[in-house]
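Heads up, the next two complexes both have chain A, just with different partners, chain B and then chain C.
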Partner chain A sequence: MTSVPEPGTPASSSQPRTGFWPNTLRFIARLPLTAKIGGVMVLLMILVAIFAPLLLTHDPTTQSMIRRNQGFSARNWLGTDGFGRDVYSRLVLGARYTLAITMTSLVIAAALGTFIGLAAAYNRGGKLDMVVVWLIDVLMTFPTMILGVIVVAVLGPGLTNVGLAICIAFLPRLTRMARGVALSIVANDYIEAARALGASRLRIILRHLLPNIMSEMTAITALWLGTGVQVETSLSFLGLGVQPPTPSWGLMIKEGIATLYINPWPSLFPVMAILFVILGLNLLVDGIQDNKTPGMRDA
Partner chain B sequence: MLRLIVTRILLMLLAVFTVLTALFFGIRLGAGDPTVAIQGSYATAESLAKLSQALGLDKPLWQQYLIYLAGLLRGDLGVSIQNGRPVLQQILQVVPYTLDLTFWGVLIGVVIGVPLGFLSAIRRNSLLDHAIRVVTLSGISVPPFIMGYVLIIVFVIGLGLFPVAGGGDRDDLVSRFSYLTLPALSLGLIMTSYVTRVTRTAVLEVLTKDFIRTGRAKGLSEGAILYRHVLRLTLVTLVTLVGLYATITVGSSVVIEVVFSRPGVGQLIVGAISQSDYTVVQGAVIFYAAFVSLVNLAVDLAYAVIDPRISYE
Partner chain C sequence: MTGKTLALPTFDRRDLLKLAGATGAAALSGLLPNAAFAQKAGVLRVGLNARDMGLLHPHVATGSNDTPVIDSIFSGLLAYTPPKVSIDAIQPDLAERWEASDDRKTYTFHLRKGAKWHKGYGEVTAEDVKYSLEWVRDNPQSTFRTIYANIERIDTPDPYTVVISLKTVDPVFPICVTNWQGGYIICKKAIEELGDKYKSQPIGSGPFQFESYRPKESVTLSANPDYYAGKPKLNQVVFSYISDPTSARFAFVRREVDVIQGQPSEEWLAEVVKATPGGAVVDLLGPTRTVIIHMKKSVKPLDNLKVRQAIAHAINREDYVHFFGRVFLPTYAAVPPEYFGGLTKEMIPPELVYEFDPDKSKKLLAEAGFAGGFKLETVVSERSDYLNLAQIAQEQLANVGIKLQMNIMDHGSWVAAIIKDKKGSLVWSTASRYPSADTLIREFFLCAADVTKPTGVQGFAEYCNADLDKAYQAGIAAFEPAERAKFFKEAQLLQLKDLPAIPIGAMATAALRQRHVDLGYKVEEGKSLLSLPYMYHLTQNTTV
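Presenting the complex of A and B:
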């Protein structure tokens, strides 16, 4: 008797169910407690960002000269800032800018980096590979933060440009990792076999290499999200990101520092929000990675 | 050894040259017009054109580029578009502040982080280890500018211990360090978190090796094992990471200088970007590239000293 069920026979009740949802649920259940807490924190913020317009109590950009630096009240839950704007509404809408900019640019950077890295790895030692490796080395001469500042210097500040800056700042790192992961897969026999069967270069890259590095690249990208939030909020704190009066957490802190002595709340809340998101992301990722690659994370 | 140094410096110059070229053309085609930044949006087209001519911005781009390159070869970074002062002089004036900040930030991180990492690894899974891991995970979650902000709230507004803004008098030791403490601590505490975590992992890896068991079996003291065997082996990893985090710290110094209104290259480049002061941005970028390249070179040379197996002959 074998314990492996015949194809077609229904799985016995003792056997765990497979499939996307059961697998995912089991994966989540197995995570350490800290990772679950981190996951809930991140999920909460994402929900706030998605439903931000429904959660507003005031227009976040309407100024009021007579209602400046108010304390907490039923009207302004978290008080008002130095321009008389509602801190709670600005905070809620700010979640949207920070999370949307960071996630979109990192996903784009990961997609681009994966494709370039794959093409370079498949072309190992060829001209394309040499150019890619050289460009990575050149861009990696700069810390992520400085690279972001340089890109904003070229493009000018603003919502799209700060997104592009984060994208370009992370591209060399993600490309290098994609290339590294792909190199180990290119060496496999089945790639050689596919080539022998006459598969085109694009087909091998998309059908054979890409699926094999997807999970690893997803994990690597997630690992960088916390750093991405750090770069986005730092750039907007420097005044190089989203421009006033648009609420963004970094900008709220920059403006709040001016009234720090008389009213620290307008800057304290975004500070707490930023720490909440990054800590949530790091707890989640740290639990998933379980400290396997501590040196990879940097700002 | 000499050959390595020369090759690395040539590669570094090529890298800086590539970025500078991209920056030169990118910033002139993409960013705002510096003549408008100087004269304001009400200036007449005629006076803008006149200023443009005086600054040499009316020449074709390739001509401006060649002029800039020729200047670079003579060690001349050009003059600031905004205030006409030589860029090199402006940068050299603030470089000591940035180097001071970065150096002390890294030093704090290494001096606290390495022993803490060792402690965490030796007492693995103890309460102390868990506490250190939670604190350092929180530490790496804090963006540098927020660390600076929190320190300002606690030590400047709350306790009134330190001056809030500026760089202090560099010749007066007391003034210099009273202005340096909080900014350096902001960078240092974050650096400490990274160094602790990495040291812990590196030490744990070495502690599982067979020769450690052999050492214990033949009756070596724990101290001898840690000092003679573990520390020696983790040194290569540590040097790599100190180099890496030193470059990250110089990146974070940009934000810290702005938070504390401290003079420095970061303060300079952020101001220059908002004023479209092309030449100053280029000069600051050269500084950062040179800093990172020199740190990387120093790390490579340190390998040869620490690890007898590595040789560049």
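Presenting the complex of A and C:
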């Protein structure tokens, strides 16, 4: 699209500027306050995760047996845990592991899910569609957490396997969403028109269907991120995720329980961090959805 | 129509609050096993750190969930005088006196008249003793067959006399008929009548008799009214299974149990004592568990002596002392000094004392061709005592360039992995045994103990040295204690020279009791309290 005014029509000063940045800024400005707060919270955590190595004050795995369970101090901002490791540094690096694993796996799951969903929707009623729907139905009978545990139980614990588990756990949900949204678009006249013009199947899916479901899928993926964080931390808490000494929020909570009555902070800080991220994500996504579909507000 | 109206229950706010309160209380109490938690006179309530009972046959059971219960039900011919466990603290029990032949190959025991089996199974006779010792020696279900294989013949010239003839000389044989494991006497008539049920409804001759069992909840014992030394002062002992340390702490602090097994951490123990109204008594029970890191020979590069020495020099025992507190005592030999034949640091030649020395460790690694370090993978139990030991070592090894990847699994799977599947390059063992060097050497370092062999026990390092076997055999046959100790020392020094495993310390088993619990025997302040069942030994004089 172009923002150059049509010749002959006087350029109106009140006409809003269009383009990616102005559009985005206007979109943000229109968001409710809660969504803005949520957005700032999420952005903050993402920045922490990206710049984690610069923010560390200590090596997060270095133990110090003479500085165990220390309180807050200038040296250890959030104190130390039962092994004398710096809780602040572990928390910061833990953000990186937790967010990176969750986001990467969800984005992959969303990409795969979108593609499979689109293909199924375009072939509605066909063999491919039937197989996809059947598979989704089977997988959807398992709650995400159980599906995650099953995958890790089969593959064994570890960083990549947890990512894979999250990916597999969310794939059926995202595929179903993509298929559902695409189904409502496939019925549109312009798809019929494109087909009549002889556009190839791939072209229709990529050029006409995909752009139209992108915004929906982005919002839904963001919404599932909170649940993804929950699954990742729960798996780590059960000892199925990242293995010690690598810090991860779930693992930090688990390890902190041993000293809960002596020094609750090594467990409490990761709990607060998880709460912060999930709250931020929910505020943001709720606000975006309210804004896009005003009728849904307070529904 | 007869106008019957449905009486719908109505609630006001107060009712709802009450309901909520009641539900909350019910939910809270549901978190804990709730058998007999209310304080009753003459009832001792013990919390065991286990999920459930295993089985209560004394010649089969080994777990710390069962041994405390078995210890209260059964008696041996002889008994250790609490709070001691050693050959010179043995007193008469079912046998009132005994004699040994000069060659220490024949032992004669004279039974006490009037000692009764529980629940009307009659008097304890020589026939029972013969049956019991033959059961532990021959029955395929017996866990302790090898220890009793030396018994050649058991004669019973009269109902109160037992004559035991041995194949080879054993100057310390009385230990085998003292109240622990195969030494507990089982009831012939009851086994013949009950069959397999004997494992869950045992009949013994000790101060307490089996009353009831609630799966995953508790075992209740009641006083044996016919106990030969007089009816016990306690009416009942309730053993509850509370596997989660936080729940156990909670139950103890709220005084819902009188005795619990504690966590191996001085800080944890101190916190519980502080939180318990009126305080509590902490006892560090021995014999201590010896903590050893076994290095599997078949995993490269652990076949290289220099690499094993490098690992030994990377371990800093001080870190463990800081972490566990006085529960942990550093050691430099596989048998802790408090055991007969155990070695203190001073008794070991300096070249075999592997002190913390990271520079030496790195140098040894470089000499072995691993200047840049190497990677190692192993399996570790998720049980906190094992996991803590391993995690501290993981960091110490990382400091000299050895990257240890741990696959953490639940305790049961880990035991199966290291024993059945022979997995694990580094294996942490913590073992408490009758406090004599031969028990630990036999289990960990004899050629026959190698886990990969059919006779294997816990030789996780897959180690075999014929000279060590020879020293052990000479030791167990020696008459004089000094001579026995000399051979056991020789065996341990050979082990340190070959270094299949690194001894790092000895850990006590912590137990906590409320101040109103009187064990019935004197525990001297600062003196160690020895008790084989990983729990207090209860007697007829124990009170609450």
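We take it that the second predicted complex is superposed on the first by the 280 of 299 C-alpha atoms of A that agree within 3 Å, B and C clash if a C-alpha of one lies under 4 Å from a C-alpha of the other, contacts with A are read in each partner's own complex, and residues count from 1 in each chain.
Heads up, the rule we're going with is that contacts are C-beta pairs under 8 Å (C-beta built on N, C-alpha and C of every residue); 3 or more make two chains touch, one makes a residue touch a chain.
Computed from a predicted model, the values in this text were never measured in an experiment.
When both complexes are overlaid on chain A, chain B and chain C end up clashing with each other. In the superposition on chain A, A:F83 makes contact with chain C only, not with chain B. Once the two complexes are overlaid on the shared chain, A:Y261 sits against chain B and chain C alike.
When the shared chain is aligned, no partner comes close enough to touch A:P172: not chain B, not chain C. By the touch criterion defined above, A:G94 reaches neither chain B nor chain C.
When both complexes are overlaid on chain A, the residue A:G39 reaches neither chain B nor chain C.
Counting the residues of chain A touched by each of chain B and chain C gives the higher count for B.
Of the two partner chains placed by superposition, only chain C is touched by A:P245; chain B is not. In the overlay built on the shared chain, the residue A:M65 is in contact with chain C alone; chain B does not reach it.
Contacts of A:T141 after superposition on the shared chain: chain B is touched, whereas chain C is not. In summary, superposing the two complexes on chain A brings one listed stretch of chain C into steric overlap with chain B, and the stretch in question is 24-32; the others among 6-14, 24-32 or 366-374 show no clashing C-alpha atoms. The intersection of chain A residues touching chain B with those touching chain C, taken from the two complexes, comprises 156, 239, 257, 260-261. Residue ranges on chain B touching chain A, taken from their complex, read 12, 15-16, 18-19, 23, 26-27, 30-32, 137-138, 140-146, 149-150, 152-153, 157, 194, 197-198, 201, 241, 244-245, 247-248, 250-252, 254-255, 258-259, 269-270, 272-274, 281, 285, 288-289, 292-293. For chain C in complex with chain A, the touching residues are 245-246, 249, 263, 265, 267-268, 271, 275, 318-320, 322-323, 382, 384, 391-392, 394-395, 398, 405-408.
By the touch criterion given at the top, residues 137-139, 141-146, 149-150, 152-156, 226, 229-230, 233-234, 237-240, 250, 253, 257, 260-261, 264, 267-268, 271, 274-275, 278-279, 281-283, 286, 291, 294-295, 297-299 of chain A touch chain B in their complex. Interface residues of chain A facing chain C in the complex, by the touch rule stated above, are 61-63, 65-66, 68-69, 82-83, 156-157, 239, 243-245, 257-262.
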